[in-house]
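As structure tokens, here come the structures.
Next come two complexes, and both contain chain A; in the first it sits with chain B, in the second with chain C.
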Partner chain A sequence: MQLAVNIVVLASIYALIACGYVLIYRVSRVLNLAHGELMMLGAYMVLATASLFNGHPVIALAAAILLSLLVGVLVYVFLMRKMTGEMVLAAILTTVALGILIRGLVVLIWSAQQQYPAQALGVPNPSLVLFGGARVSMWSAVLVGTTVIVYAALFAFLRFGRWGMRMRAAGQNPLLAAQRGINLHGVYALAWSLSTLTGALAGILMALDSGVTGGMPVIGLKAFPAALVGGLDSLVGALAGSLIIAAAEVLLIYYVDPLLSDVVPFLVLIAMLIVRPWGLFGTREELDRV
Partner chain B sequence: MFRPVPRASGYFRTGYGQDLALVQTRAERIGLAIFVVILAGFPFVASPFALDLACQVFLASVGALSLMLLTGYAGQISLGHAGLIAAGAFTTGILAREIHAPFWITLPASAVTGIVLGFVFGLPSLRLRGLYLAVSTLALHFVVIYLGGEYETKRGFSTGILVEPPSLAGFKLSGGRFWYFVLLAAAALSLLICINLLRSRSGRAFRAVHARETVAEALGISIASTKLLAFVISSAMTSVAGCLFAYYRGFVSVEAFDLFLSIQYVAMIIIGGMGSLLGALLGAAFVTLFPYAIEALLHLLPNADKLAGDIFAVNYASFGVVMILFLVFEPLGLVGIWHRLQNYFLLWPFKYRPLAGARK
Partner chain C sequence: MFKKALLGALTATAFALPAAAQDYVVGVTAALTGPPSSTYAPAVDAMRLYIDRVNAAGGVNGRKIKLVIEDDGAQPSKAAANTKKLITQDNVVLMVNASLSSTYAPVIAETKSENVPLLFASGVCPQSVYPPADPLQFCTTGYASHFDSQATLDFIKATAKGPVKIGFSAMAIPLSRGEMDYAMELSKKVGMEPVDQEVIPPPTADYTPFATKLKDAGPNWVYSWAPWVTQVRTLEALRKLGWNDDYIAWGHLEAEAELVRLKDGKFYVVNSNALFEDGLPIQKEIDAAAKQAGSKYPGQTMTEGWIGGMAIEAALKAAGAGADRAKLRSAMENLTIDTKGLRGGPIVWTKDNHFRTQLYYRVYKWDGSKIARVQDWKNYAVK
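What follows is the complex of A and B.
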């Protein structure tokens, strides 16, 4: 029972992070390898806002989330906008460089030690007992709930929202979309901000659960195989991929070897790339377009 | 596309031998001789610290050259270069530790490991392109690192493997100057291999595959074997660099081969300039010396002692900034700047090259 709960929690962490990769890739064909760092930045933002709005945890959290939205827009406007239409490698490396920059800045500003935003906010993290005797911490449960809400909202937004439709159009064919009067830069900026927002949500909730260190981006990187296994341009795929990766990771750690933790997602990724490179739910033609 | 400026004032070659010569004119010969003398004399005047820096640059050059061969010429993106260096270093470390193998066994063994791994790394490239290929090499990097870490913990070397300095006929081969010349020779040899490979049929096939696979195949180039060859040669060279790294440091540990190292190697060829061997060398020197330059700059600032703890973070952040600046503002890299400088003096007092076909 505990194993199942662990799988669900880890899967929702991965899913919440993976949808950020999917959003940006689906709309602008850019792989954002700085996603893990942007997620960590969101978690550290809580530390900053917690000291600013002392004693108002809700305001502090809301401010941190808004700030991360802003960070996403700024990243696009000042950096990624210049890389539109460049080589695939150049765009990927720009995000990698951005990630390195953020890591350095985070250590400079907040030091490399482990910090606990939950303490700074003054919110507790009690352990809940579920049916069957399984335990889950409160913030992990919140994280699972957030993932469900975020995915439902994203599905609705992409399916019915006016801007969601524009995003899908821009992803399918940027040239035609621009011809129809869709503001491509606006759409891309929106994708970046939404992606950073979901990433920051994941980062904040994980930080509230177990603290934040400079090593957090590794989790972001491990969530990337989840996005790719499901298909880089499919939200359903991200959910399925996260479940597969999380299940494989938890079970292998439990039954085989804890050292495997960092490598399992990538093993699944390699297997997937050999069998079905475009992922479970991805579009096949994607491969030829990159 | 940039065309190299001809050094000779015309085409004066009268035989195949002259056409194949690497050094064409007297000015080039003299320049090369001066350069060699400077390189050979350097260890006798430099401090041990400068010597160590030079050694690191040479080591990085071997890796950067091989990555340039793969990415800059054959067009196959690899984000797993640190994994290959780790493979070479671990092969050396394990063989030296377990069976006390001398260096004339570990060096070829590392090369063989590199060949095998290059084959494995290259297999995804037969089906995948661009981003997906980059991701598969990234994944393989993690697998190699995991295997190394597994060996370390299972055998009880959890902090790393100590590697004895190599010995020949009872003499321990160590010391800064000795390693300077060994690594210089390794870098020079890799450069020669790369130059000559690129002038051969395989080298031209690399470029053809890079430019457009369909056309390359129509020209009778086997795409699969060309890609695999690029991967195999590149990773064999990288693994040998890893072997030298293990002996030079005398210590192998997985912590030294994290993802950041892979990114540093990719940064070398980006900052140096894609598709140029000179670029790989310049990039290797730049990226290797960069953190030391930043540290030196920080020491010039007032209250430098306070900043001492943050040097690592400052390095990280400024490395990211420099990489972004190069990617956004100077995609041709250091080589692009160098060529522009050359052109400036060549064309002076004019600013632009005359249009092709323009009347004199």
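What follows is the complex of A and C.
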């Protein structure tokens, strides 16, 4: 039973991170290689808002989430907007540069030491006993619930929301979408802000569970294979890919060798790239534009 | 005519400035950014603070010390480039490595080619400083492979009330894994039953899967010798799973604040540095210096770097005013560094031993209201 709980928690972490990659890619065909850093920035923002709203953890968390949305918009307006019409590679390299900048800023502002946002907020993290004697920490349980809510909200938004439909249209054919009067810059800015928000949520909840260090972006990179296995432009794929990778990781740790956990996401990814390069639920297409 | 004479005199004066009036240039390549920077950045800050204080007090042998610090992000290629630049452009008399062990090989290669003495301060001491030591390499860092595990298992044996079933937690880096392999073998020799070893990649999104396997192996003690993040997150994951037995880990610079945060009476840290709970005068001095300089790091994380600074000062003092690389290396081969209580005794370097002749260990834990010392200095001879 504990193994099943471990799989669900790890899959939720990967899924929450992976949906950020998918949102950006689906709309603009850009691989955001700064997603892990933006996720970490969200976690550090809780430290900033915790000291601003001392004694009010809910307000501090809400402020950090809003700030993450704003960061996403700012990244698009001041950085990625300039990349519109440029080669995809240029946009990807810009995200790499953004990641390096964020990593440096985080050390300058918050130092390189491990930080504990839960302690700063004064919120506990008790262990919850589930059926079958399995256990999960409170913030891990919240993370699982958040992932469910985020995915449900994104499905509904993209299926029925006016801006969601615009995002889908811009993703499918940006030229036609623009000719039909869709504000592409508005759509892209929204995609960046939502992507940053979901990444930040993952970062915040992981940090509340076990703290944050400058090494967090690597976790963001580990979730990347989950998005690729599922199909980089599919939210359903991100969920499925996360579940496959998390299950493989947890079961190999327990039954074979814990060291395999580091390579198994990439082994699954290589296998998928050989069999079905566009992923389980992805769209088969050429990558040639921003 | 007068102008020419004045110009000539000024030029002559400038060229005639004695070497003693120049600064001693010491180069540092350090992991100030990157995943393991939490171990190294506070140490480098402490070293900088210490050297600033030495300079403010007049320097060493009438000369100031100029510390040139370069960030290598814990990447071997950057560390090599930093070292080359520091040796060839800055003309350093001493190189300091405060970075991950993976940077050691290129830094050693660069320093060897130019005969520059190399001090490891805050990164784990390499085998080459143990007897018989490499003539160019020296180390002040508190933790030491094999000795730390020996001290830890000795403590467990002395403390455990019944048979010991011991689990191990390592980070997936060669040094940590090697140490846990060694400890596992040693535990069998001292009559313990090793039940499991988890090797955890850095960084990991969730430590629970590793802790689940460790817990299911049924240990009543778990020992971890790894970077702090692996040690403490394994402990916290075990506690979340309901495992409530004894956990012992190496007391890195984060240990003191973490003992207070966790308030876990069964969490022990083995340490070769005195924790600030002891309230020594030198610790108060470090605290005051950190506060005065507005450092981002608390004084209690600065012991390793402070001792590194003490070693630099002592070495330059011993080498004399005209110290060059050769004189400095020669002076470091016979040096005693007074740690003023930060360690159980002085650091003594000899011709064959550039590590130290005696190692001292203390063990601390949370006793319900404060950090308590559960074992006072116990020494081990390094031969």
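Everything that follows uses one rule, which is that the second predicted complex is superposed on the first by the 285 of 290 C-alpha atoms of A that agree within 3 Å, B and C clash if a C-alpha of one lies under 4 Å from a C-alpha of the other, contacts with A are read in each partner's own complex, and residues count from 1 in each chain.
Here is the rule we use: a residue touches a chain if its C-beta (ideal position, glycine included) is under 8 Å from a C-beta of that chain, and two chains touch if they have at least 3 such contacts.
Bear in mind that the values here come from a model prediction, so they are computed numbers and not experimental data.
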item	value
Fit or clash - chain C, chain B, common chain A	clash
Partner chain in contact with A:270 - chain B first, chain C second, else both or neither	first
Chain B versus chain C as contact partner of A:262, first or second or both or neither	both
Touched partner set for A:225, first chain B, second chain C, both or neither	first
Touching partner for A:216 - first (chain B), second (chain C), both, neither	second
Which superposed partner A:253 touches (first chain B, second chain C, both, neither)	second
Contacts of A:104 with chain B and chain C, given as first, second, both or neither	both
Touching partner for A:84 - first (chain B), second (chain C), both, neither	neither
Single chain B stretch clashing with chain C - from 26-34, 44-52 or 224-232	44-52
Chain A residues contacted in one complex by chain B, in the other by chain C	103-104, 107, 112, 259, 262
Chain B-facing residues of chain A, complex	31, 79, 82-83, 86, 88-90, 92-94, 96-105, 107-108, 112, 221, 224-225, 228, 259-260, 262-263, 266-267, 269-270, 273-274, 277, 287-288, 290
In the complex, chain C residues that touch chain A	32-38, 40-42, 172, 198-210, 212-213, 228-229, 232-233, 236-237, 239-242, 254, 261, 296-297, 301
Chain C contact footprint on chain A (complex, rising order)	2-3, 6, 9-10, 13-14, 103-104, 107, 110-114, 116, 119, 127, 129, 135-137, 140, 206, 210-211, 213-216, 218-219, 222-223, 249-250, 253-254, 258-259, 261-262
For the chain B and chain A complex, residues of the former touching the latter	71, 77, 124, 127-132, 134-136, 138-140, 142-143, 145-146, 149-150, 153, 259-260, 263, 266-267, 270, 310, 312-321, 323-324, 327-328, 331
